[in-house]
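Chain lettering (A, B and C) follows the sequence in which the chains are written, and residue indices restart at 1 in each chain.
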Amino acid sequence: MRRRLVTVLLAVVTAILVTPAVAVADTQGGETLNGQIRKPETVAGIDITVFQGDEEIGTATTDSEGRWEVALPGPGNYRVVLDEESVPDEFVVADQPGAEHADVNVRPGQQRTVIFVLAYADEASTEPSPSQSSDDADDGAGAAASDTEDGLAAPGVSSNASFGTKAIQLTVAGLLYGLIIAISAVGLSLIFGTTKLTNFAHGDMVTFGALMALLVSGMTLFAGLHTAVTNLLADVWLLGPVLGFVTRPMVLGTVVAVLLGAALGAFLERFIWRPLRKRNVALIQMFIVSIGLAMVLRHVLMVAFGSNRMSYPDFQLQAMLRLGPIAITPRDLVLMILSVLVLVGVAALLQFTRVGKAMRAVSDNRDLAESSGINVDRVTLYVWTLGGALTALGGVFYGLNQIVHWQMGFHLLLLMFAAVILGGLGTAYGAMVGGLIIGLVAQLSTLWFPSQLMNAWALGLMIIMLLVRPQGILGRRERVG
Amino acid sequence: MDILQVLADATRSAIGPVAAVYALAAIGLNMHFGYTGLLNFGQVGFMLVGGYGVAVSVSTFGLPLGVGFLIGIASAVALALVLGLPTLRLRADYLAITTIAVAEVARLIYRAEFLRDITGGVYGLQSFSTAFYQWNPFPSGTYGFGWLSFSARDLWVMTVTWGLVLVGSAVMWLLIHSPWGRVIKGIREDEDAVRSLGKNVFVYKMQSLIIGGVFGALAGAMLVVNQQTITPDQFMPQVTFYLWAILLLGGAGRTLGPVLGSVVMWFLLSVTDSVLRQLIATDVITFIASSEIGGVRHALVGVALLVLIIFRPQGLIGNRKEMLINVK
Amino acid sequence: MSSDVNGATVDRMAGVDPLPGVAKPDPILVVDGVRRSFGGLTAVDVEHLEVQRGTITALIGPNGAGKSTLFNLLTGFDRVDSGTWTFQGKQLNGLGGHRIAREGMVRTFQLTKALTRLTVMENMLLAAPGQTGERILGSFLRPQWRKQEEANRARAEQLLERFKLLAKKDEMAGSLSGGQRKLLEMARALMVNPTMIMLDEPMAGVNPALVQSLLEHITALRDEGMTVLFVEHDMDVIMGISDWIVVLSEGKVIAEGRPSDIRADQRVIDAYLGSGYEESGREPQTDTGESHE
């Protein structure tokens, strides 16, 4: 079972076309069998042969992207065999679904995907990047959904770990997961509070942040800057290492991503939401606008960055630190500390600064705030800016902890909704509390239940909350009537 | 570029079985949003349980296809209850969030490893629709003329699915033009007012959710019967957003809105697809790979949704005056 | 302006002392210990209150006194923290808004809730009770509900005639003016066949010419035997037509009595002139529930 969790899921491959594309396939003609085999990177050079009865129909070898395709003479039943000899030594073919699909039915015009799964030959080889997440879908098939998070359950939990150790490890993983959800969800909650808008595009703002950091951290310019600084200041006490760290491409990338996220938030508010509010567009319509916006943003990012799973070049492959019963990578530890600092910072901002107080006032009662002289439009702009920045940061952290993928934000969105509803729609602190609970529940559920369902438990909790206390933990009972 | 070929493909797509399936599911969504004002963003969840109702019953348990359809419908009723009980008393956006979340949870459960023996996990199920094609009354061959011809199989699927669309539209018309429909429309306008007149708003909303959900389940069942296979990952949230775009394009709150919307939508999608494909093939467009056409198409549907809801919320056949009255 | 309406020379409340919580000879509505608070702020805290059958009773008080909240609680549109109330001897607490309406206690809203994309006639027909065609299966049996529909239509036309809306019956309710919507809402409430009608600020935002006509409609309802409880701001209006006035301040009943009693009551004057204006700083906050309905 452990082997399944840590290794098999690391290498699942599917390439299922998006549903609507099924319709198009009907009109394209030309039956084929195809698929894609990828490790965290893709695996090329694997031979796959298609038979009908005993007759060999065709052979294909996976290309540099792990893709293969065999054209068929027509619809019918086929046998697809993966040549185990051609699999590189470090991999083996996973037991499920094995190296042979005996009875693959292809109907007229179908371009059918056949799934082969590889696993690492040596389980130990997965240890260096334990929270490197699993891999499966592309092309819009969100198989990514569950399996992406499966990897998260893994850190440092060895197969023979006792229940107690596992519980501690999962608590740590859950806290980190929860903190990331909380950071991203605070903006969602504040935006809801100030404008009553449920922003469906929030998840894709997470993806935006993560991808911007990827873009920037990959730029040679910054790599060059980093080398220059470290070389120049290598011998300077304190300043050298500090500047060396600060100019690491990933750190700079994070900063730029947060700034761009803030800019995106401000841009959306200034050029979409404010004009719509001025036009007196009804909330339900705004709601649908945010869905349209989400679809545009998500798929533009997909076309621009591709549908592959990526990871940041920096801070990968770290050795575990052992702190008593807890094993954690330095990266995750730093992420946790930074997340706590950021949340405390946001709380301080809301509690003690003028802008923060104004945000809470608008969130509490927009009309009252307006009548008491607060410039509501400006405060809303600040909220979107802050929300955009936090969301981008959440995206970078999520990407560091797991992987970067064009659908990462959408999956986080549902958990953010759960967090926000759990804590109380519209309250910033509620989003923080809710985020932590959701993260913990999702992770700890894997102690007893299949990890594929970890998000299902978190969302189930949200539904129970709606039944019992719809206003959330920190929300106030609403006035009706 | 072969424009005639593009148009021919688009026409086939517009009257094909998939357009009919989407029309059927959008009829359900029209019940929810167009008439009752319920924000259901999880219609794909109803399609999923409907599709699996058929596939699991027949493929896994060896039940007759007809029983499979009934089980699919029963699953939709159960899903509507799960969705409605916690949320229908709350503000509209809670239902929106819950529906999208529950549809996604349902997908996660149906693809989960521990149910593999029943649902086939991520690989889904096949060979459950043989009976359907055995009932095909059309002798095999090609029907139609020239570019607009369909195989006997396609014709049979189309006849049944468009037949369901027709029956569905008629049922919807009867329901809406009755005192029941008046209450439903009243709830869309202002549920507190309707409650103050002694109507049990919760029950009406639940009935609406169930009816619309059953249409979704039928659509899901016909979708997988047409494909002859089912996989969980074809039931992504995007499907729901397509349905919304279809409904808003055709005109929400109109009996024929979803039907017209689906036909026009699939025509346009097919045209953009073919044009993009041809442009890429001839290297006119180089920044998009052909594998990314699906993504571009999703983005275009997103744009359509945005533009429609802001500038033409009444869709193609809605009444603009009626729509404007509703805005605040 | 209210002199002619004020032809209520009959004292329908004869022999009742003007004291908060006083017992009435024939109460239709009895409220006991109803409390409701919002985040620590007590909005309503009514010890005991009775409403006399067949009278016009007005509920007044400064902004944020809890009038609308009390209204919402009694009609089942909000849930009480504690307390009970009975209507015609039947305990109503815990019942939903629609059940209370079916018991015969029908309300209107401060901001009119015309069903804008339905016609005026559809608005009326919707309100008719006990329609078989409103059941999901019944809706398919057209011949079954046809007859009932015709009867309801006839009754709706009478009511529309009375409220001078008959000419508009096929227009969308959304196209009516503010005053006409108020009239439609009242007519629609009557379609339910209520024994008691609860009007939430029926004169708010109505032009003065129409106020007079609304007042006549209200007194006519009482004269037909209906009980009317209404919330109102405008003192002149209240004094003119009410048989009895209940004054609410900070959620509590501070005074009750005939218009003449209330006019002379020092506590009422204090409540209106004192708390209403001096603490204007927090006034809007406590008022949100009312302005947001």
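Quick notes
Note that a residue touches a chain if its C-beta (ideal position, glycine included) is under 8 Å from a C-beta of that chain, and two chains touch if they have at least 3 such contacts.
Every value quoted in this text rests on a predicted model; they were computed, and no experiment measured them.
Overall, the chain located most centrally, as judged by its C-alpha mean against the mean of all protein C-alpha atoms, is B. Set against the Cα centre of chain B, the chain with the most distant centre is C. One finds 44 Å separating the Cα centroids of chain B and chain C.
Inter-chain centre distance (chain A to chain B, centres taken as mean C-alpha positions): 27 Å.
A separation of 53 Å divides the Cα centre of chain A from that of chain C. In chain A, the residues that touch at least two other chains are 481.
Of all residues in chain C, those that touch two or more other chains are 75, 77. For chain B, residues touching at least two other chains, in rising order: 192, 326. Chain C contributes residues 75, 77, 96-99, 101-102, 106-109, 113-118, 122-123, 125-127, 129, 131, 133-136, 138-140, 142, 145, 149, 172, 174-175, 188-189, 191-192 to its touches with chain B in the complex. Residues 9, 12-13, 16, 18-19, 37, 39, 41, 82, 85-87, 89-94, 96-98, 100-102, 104-105, 107-109, 111-114, 122-123, 126-127, 151, 192, 227-229, 231, 233-239, 241-242, 244, 248, 266, 269-270, 273, 288, 291-292, 294-299, 301-306, 309-310, 313, 326-328 of chain B are the ones touching chain A in the complex. The residues of chain A lying in touch with chain B in their complex are 4, 12, 14, 16-24, 26-27, 97, 105, 107-108, 115, 136-137, 139-143, 145-146, 198, 276, 280-285, 287-289, 291-300, 302-303, 306-307, 410, 414, 417-418, 421, 450, 452-453, 455-456, 459-460, 462-464, 466-467, 470, 478, 481. Across the interface of their complex, chain C is touched by residues 174-175, 178-183, 185-186, 188-190, 192-202, 207, 321-322, 325-326 of chain B.
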